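Here come two complexes built around subunit A, the first alongside subunit B, the second alongside subunit C.
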Partner chain A sequence: MKAIMSLGALIGVAGLLLLSGMIVGIVPSDTVRLIEGYMPVQVIAELILFVAGFTGISYMMSAMGMTFPRFWQGISCWAFVLLYLKFRVYPPIPFSVRAMYGTVSLVAVFMWVSANEEDWQKFKQPIMNVLDAKTGGNRLLRYAYLIILPILIGGFSYNAMVPKSEEPIELRTVHPAPPASTKVHGKTYTLQTSQNPYRVNPEGKYDQEYSNANIVEQGMGRLMKPNANPWDKDAQGYLKYVREGGEIFYQNCHFCHGDNLNGRGLHAFAFNPIPANFTDPGTIAQLQETFIFWRVSKGGIGLPNEGFPWASVMPPWEQHLTVDEIWKVVMFEYWHTGYYPRTWD
Partner chain B sequence: MKNSFSLKAGVLSLTAFGVILLSGNAGGLAFAADSLPAGFKAGALAPEPSADMIEAGKRVYFTKCVWCHGVDGAGDGPGADRLWPRPRNFNQGTFKIRHTASGELPLFDAKKPVEGQNDLFATVTHGLPGSAMPPWEGILTEEQRLQVLSFVTTQLVKDRKFTDTKSESQTVLQLAELAPIAASEESLKKGAELIVEKKCIECHGVEGRGDGNAFNLKDDWGFSIQPANWHKCWNFRGSRQDPYNVKNIFRTFSTGVNGTPMPSFADNTTVEERWHIANFVNSLCERDGEGKPLPIDPQADKPKINFVVPSGKVEGEISADPENELWTKRARRYIAMGGQITHKPRNFVNRIDDLWVKSLYNETHVVFMFQWDDRTKSVAEGKLPWAPTSVNVEVKEQDPKTGEEGSIAAHQNNYTVYNDAVAMETAIKWKELPAPIKPRYLFGSNEQFPMDIVKWEADGSLRAFKGTGWDKDFEQRFDYEENIKLLFSEWKNGRWTVIIQRPLGDKKEQDYDSDTFFEMGQYIPTVFFAWDGHNGDAGRKMAVSAFYYTFLEPPTPQEAYIYPVAIAAGVVLLEGWILTRRSNKRKAKALSR
Partner chain C sequence: MGRVAGKKLLSIMALVAMVGLLLLPIAVSLPSLAIGADAPDAVKQEGEQKYEKGRDVYYKTEGLAIGAPAPKTVDGPKDYPRYNFESRVLLWFANQQHLYYGSFVLAVPIFCMVIEFMGVVTKDKAMAKRYDQLAYDFIKISLTAYSLTAILGGILIFTFLTLYPAFFGYLSSIFRPVMHIYALMFVAESGTLYIYYYGWDKMRDGFLKWIHLSMSVILNVIGTLLMFLANSWIGFMMSPAGVDEQGRFLGNIWHVIHTALWNPLNVHRILGNMAFGGGVVAAYAAYKFLASKTDEDRAHYDWMGYIAMALGVAFLIPLPFAGYWLMREVYAYRQQMGITLMGGLLAWLFIIQATMIGILFLSTNYYLWQALGRMRGAEKYQRYIKYLVFILCCGYLVFITPHTIVMTPAELKAMGGQQHPVLGNYGVMSAKNGGINVIITTTILSFVWYMRGNKVSTVSWSKFGNIFMGVFFACAYVNIIWLAIYGYYIPANVRVGLSVPQVATTLSCLFFMFPLNSAMMKGAKQMGAIEWGKISVRSQYALIMLATAFTWMMGLMGYIRSSVRLFWHVNEIMRDNSPWAYTHTVGFAANMISFNVLFFWVSILFVFWLGSLGMKKAPVPAKAGVPGGAPQPAAGH
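Then we have the complex of A and B:
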């Protein structure tokens, strides 16, 4: 028991030091980086680690005879969650959302400190002590609260009433419902039945299994399979078309979607919403190839209203590329990220 | 082709060597191994990377790098011809950002991924801001980055050899051991004098906006190259994702930038002088109102963006003088600008990548001050071949694959010169639009969702248009032009300042169907456009921003002074009630005992 708890305490202290070091800037702020796409899981895992750490710390402290009062445990736990949400999570979440999380965690802290009568007594004891003001210190504290609280609350309400400008929040549907079919360069494509004509094996037959076997490997770096180099002079079928798709991508798309298809291209910083990150498991990995074909062909201007067509700088690529080029570049995007397109069934 | 290139590079490096020799003699200095430039020490060449590393690196290269740098590493991959600066041609072994003396190969050791001791590793890790080279940290593992560099340095650098002790040497800037001099006023003053004395301003311009010699500079491959703009340190190639760090400037100044006209100043400056210069250059980088570095967005390595452009309330006339206190005290907003790459002609290389906007308003007008860096003042000669209202003008976009001679880099400074220009576009009837809907950012959606466009051009014209779609010619609004006014416009030392005044508008008097009504306290969708005439910008070939919001700051309402006091009084009452209740309860308890 003690061993487990000391391990927990160690994790807690190390984690706290690391986190505060990263926020203050003593160690590089990307020492432990939040990885895109895994961020929510990562945040939850980190919070669990911290809870374990806090349990350990409080156990160790009481074992060493320095019991940390339940009241301050509750307060500091809540304060920690608030600070964590404010400083750790990047990109930053808006205040209104943080206020929501803050309220939820406040309720959770209350549930924890009032789990049984004894704990609840322990928790509210300090409050009662100040109210009763039996000692000099408590009396002082009581007067302090008497003065500070109205000033603070008055100040907050003044702050809330002074006109301020905050960016209006606009929530947008990232993957709007696709149409049944789309007409590109004069030809109609039914999304449910169309196939990428370049997803073929060296013999020229449509072969999803073959192409799936030759995409880049998942895992750090997302490198190509050693024997599946699209730049191989003898590459035929799928791999040859991947190279052609890549050429189109790096002549047209990387300016926004980035050299690594992560939405960090040259011009990306100027745009809002930021360009899609294809390496995020929430984008092309969730979608069918024909959905991408539709999005690429019609661009931002072709989005339904819930997708905010006015804000998107995504070109309607049918203005710039042929149908064949669009199919190839879509295939390249799946190859380079190592994702399989979703199928309709 | 390749031969002539390496020949050219050879001749160039020979002449460079000659220049160094000559200058050495002229200064009466012996050019010997033991008289290294101040702050440098002789280093050893790193051992050759293992065959395994090179082989593994090939796989990384052909997944990630080949697309721009090409199969032979000649910087001619499929993406190269639409990029400026072009991707690096590795063949000559010329690398920009180094700790080594001018002309030497950069530091690279496949076994030592240490910050400050491995130049190529740092370049791949942090990328080269202001170019298309992204930071690969977090994408490739440390091992993979070392592998790909092992491949590049051994297989793709063809004219030189990283391990050849006969032809190569390493003279390493000891940056870690040189303590920076504090950026005191005295140091900045010395730096300001030194940049004149050392002729920095001849290329970088009097105010360091890179406007000194923006036309005649070429790199080793014959492509146009522009001197750095010291006011945008986040675009320094060698900023290593730490743009306000003076050490980066000291390093670049000490070692020079190989392959470019930027020489090393190690031989003709003392270490102390270099710190003064670095401090001064660093002090020029844009800062906030309190003189603190701008917060940098770690995901973009550019200043963080706030999409609200606040306009401050002023009583009476708004000054037309940018030096007026009203303007100098007013906070400015950073507007990020990208190339217009949605519709033809796309602008792959936008030379204007940000604007600074300030705004003030009074009872009748709202005034916008635009400031942006542009190395050249461009005014079209003669009459433009199209009407001011034309949207679909004859400007050709860069073809995807042309070879070096036809590439976008080769075209730089050879464009037909049009007018520099800036425009702001605001939504008409924005209040009546159903919740999320706005007109499209590019000149509006259609007749139903049009845009109010006010455009200033460097020929002095200020016009108002109505836009009804990206491919629809504008409608000129002469009735509105009577009411807008150009208060100020000036190009000075690489920076435009333009002040435009326009009516606030209101529902009754103005032509509400084509003019934006600037209502106080409301978020008015606003887009900014900018054109650089020397970049051949005209029509849709331009730089664009995302949607921002103009916000006329309302004066503080009286309630803001009354309610908080009432609330505070309420809290006092509540406190009193709690305390009495508690003490009553205690008394009751004591009684019942």
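Then we have the complex of A and C:
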């Protein structure tokens, strides 16, 4: 048991030192890299390691007769979460989400320190001591709080109320609801039932399973499947259409959406927000192929009322591409990212 | 002897009268149902000459368009008369208050039925008496709330008639065949409720008690049917059926009632009402606990709060799954509606909803951990609570991560796009399903710990049982989290299907671990009694938080469900042309919901006060909680 706890303590100390180094800037923030694609699991795994580390540290300190007071355990734990979110996770997390996470963490700390009466008594003892002010030091602290707290609250209030020249917060609707049907080049497409005419098997029939089996492997490197290379001169059917879609993409779209389809094209950073990142699981992977067809065809100017604040400069591609070209480019996007379009069957 | 037989006869007659009341609306409605597909040929032929044919917008069947088309309203005093105030907000208020009270008075009789049944089957006489008294106290509270529900229903109808006459006229013309059934069901409900309440003392023992219990079943059947009928109106407004494109009624009232969303709405509302009812009663008990002056009162209200919480949570656990089914049906009905709800305009309201759901489960867990404190011997579990907190917290953080993040343009730029590489993954359904299932599984684990808090299993296979349970829960967590991650690597339609094994994992924890735990705890050695009333005050605030979160969430979900129709009174059939056919800002909606919640709680406090005026105090055994005669707070415990 002691060995496990010692290991935990070691992990905890190492983790805390690394994090502290990153906060003060001694340790480069990419010392332990968050790897794209694995970041979400990595973050949770790191937090689990930290909890194991804290448990180990707490155990070892108790064993050495230096019990860390429950009050400071709670406060440190909360402070750790706030600092971790602020300095460890990148790109930076917007304040609104950090505020949500911080509040939940505070509630969790409260639940932990008040889960039983003994812990709760231990936790609130330092607070009660200051309020009771039976010693000189506590009396001094109480007076200090009496002065500092109103100043702090006043400062926060002033800061919240003072007029600022910052741009206002925007609640952007990323995926506005599409219309039931859309008219492109004179033909009406019902979004719920239309299919990509180029997503076909060797017999020329619509076959999502066949096309799914030939997309790029997801993960680091995004490798093409063996015998499924659209740039093979003998490629026919689905793969040939993917290649044609790719050609259209690199002639028209990659300037903004990037050659890796991650929204970081040559012109991307001229816009705010930057163009959609198709490799993110929250974009095309969430949507039906017809949704993408509608968005590509109609562009930013065709966003519906609820697409507030209509922050998209994408041209309505129906003015530049044929229907067939749009379907092919949409199919290429799914092929390249390794995602499957959403279906209802 | 003759007197007893007379009582029996009277009780059976009362029961028959109730069944008669239940059947009355159906008998009355038979002639009106005759118009339509099953109408006699003569009537049909006559109709064909008189009316045009129409095609059902949902069922795609043909029928005679016997109804008038949906009115094309214009903004003005004819279609939208108004006070000098936003009509929609007035209607919102009236509707919400009616719904709160309606839910309460529909849920409480179900509670009474369950508690009365527990009293009847409990062998411990003292406990049986307490259960019976508790059920009686509940129904008494519900009786006062019942009249308030009716008053609020009247106010709601007047609000509709006064402020939205064209819309209400159209809706009542569509539902004409069942409008009076609804009214008659109310008569049946009232009659049954009064016989049930006033017959309590007269039917206290033996066979008469079973008759009385049967009455509660009938009362609940009527109440549920009433709710189903009311649900059919909102179902029709969201996903109309039984009418053609112009909104003309095609003669088949079953099609109008049985719309695409009717069944999921029914299931979701029954569960929601029960969870809400449990929350309200638990908050009542918590308030009484905090105000109690004696240990005896504290013990009683502690026990009452626990029972109400346990019943409420029993219905809360399947509630997210019912909600998931409802959303799935919404998507299947109209993709746009689904995206507006969960990915578009209303997506942030769903984040608020997720936050509220998390609060409900967090409060429940916290209450259970506090409740361990009133058991001697439960200390061995308390030291591990911090790990449950961590697991709950992780599940909760993932569950509430927004897909559409609120941020300044500067933050957007710093983040390098709309999607965050970490948060973006938490903000989608695959992760969220994992998050909520982790939360629910942890809640089940907390319940298991509570159930065995002061006991030590004495069965010969207890060691094996403990290891088996530990491994089962560990595998459940691994399976849920693994499926959540795996969801990113498969097509969306398969991913949606992954929720089934995730839910099955969670439910198998519930359905296998509870009975296994009960089997292990049969004849267990008690380390100490449950000391009712010796629970921390924090636990009672958790109960109040639970109830407030329920109320707030009900208001929020009602608003979301209603506003998803956007600018339609009846989706794609009747357009809302009033000046208020826009979606409120999130801030305004939140303030309005909070106002409704506040009003409900102030008014229900008044109802509780009225109920307490004539409340009989429950006889509590002097030494409740001693080993051997310990009160058993819930089934299976």
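We take it that the second predicted complex is superposed on the first by the 265 of 345 C-alpha atoms of A that agree within 3 Å, B and C clash if a C-alpha of one lies under 4 Å from a C-alpha of the other, contacts with A are read in each partner's own complex, and residues count from 1 in each chain.
Rule of thumb we're sticking to: a residue touches a chain if its C-beta (ideal position, glycine included) is under 8 Å from a C-beta of that chain, and two chains touch if they have at least 3 such contacts.
Just so it is clear, the structure is predicted and the values come from calculations on it, not from any experiment.
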Partner chain(s) touched by A:24 [first = subunit B, second = subunit C, both, neither]: neither
Touching partner for A:288 - first (subunit B), second (subunit C), both, neither: second
Partner chain in contact with A:180 - subunit B first, subunit C second, else both or neither: second
Subunit B versus subunit C as contact partner of A:45, first or second or both or neither: neither
Partner chain(s) touched by A:213 [first = subunit B, second = subunit C, both, neither]: neither
First, second, both or neither for A:61, with subunit B first and subunit C second: neither
Partner chain(s) touched by A:146 [first = subunit B, second = subunit C, both, neither]: first
Subunit B versus subunit C as contact partner of A:114, first or second or both or neither: second
First (subunit B), second (subunit C), both or neither touched by A:79: neither
Subunit B/subunit C common contact set on subunit A: 91, 166-168, 170, 172, 264, 272, 306, 308
Footprint of subunit A on subunit B - complex, ascending: 59-60, 62-64, 66-68, 71, 77-79, 81-82, 132-134, 136, 138-141, 144, 297-302, 305-308, 310, 336-339, 341-344, 346, 348, 350, 353, 400-401, 436-441, 445, 449, 470, 521, 523, 544-547, 549, 551, 553-557, 559-561, 563-565, 567-569, 571-572, 575, 578-579, 582, 586
Subunit A contact footprint on subunit C (complex, rising order): 331-332, 334-337, 339-340, 343-345, 347-348, 355, 358, 362, 365-366, 369-370, 372-373, 379, 382, 385-387, 389-390, 392-394, 396-397, 400-428, 430-431, 485, 488-493, 536, 538, 566, 583, 586
Complex contact set, residues of subunit A against subunit B: 29-30, 33, 35, 90-91, 128, 131-132, 145-146, 149-151, 153-155, 157-158, 161-163, 165-168, 170, 172, 216, 220-224, 226, 229-231, 246-252, 254-256, 258-260, 262, 264-272, 299-301, 305-306, 308-311, 313-316, 319-320, 336
Subunit A - residues contacting subunit C, complex: 34, 36, 39-41, 43-44, 47, 51, 89, 91-97, 100-101, 104-105, 107-108, 111-112, 114-117, 120, 166-180, 191-192, 208, 212, 218, 263-264, 272-277, 280-283, 285-286, 288, 306, 308, 340-345
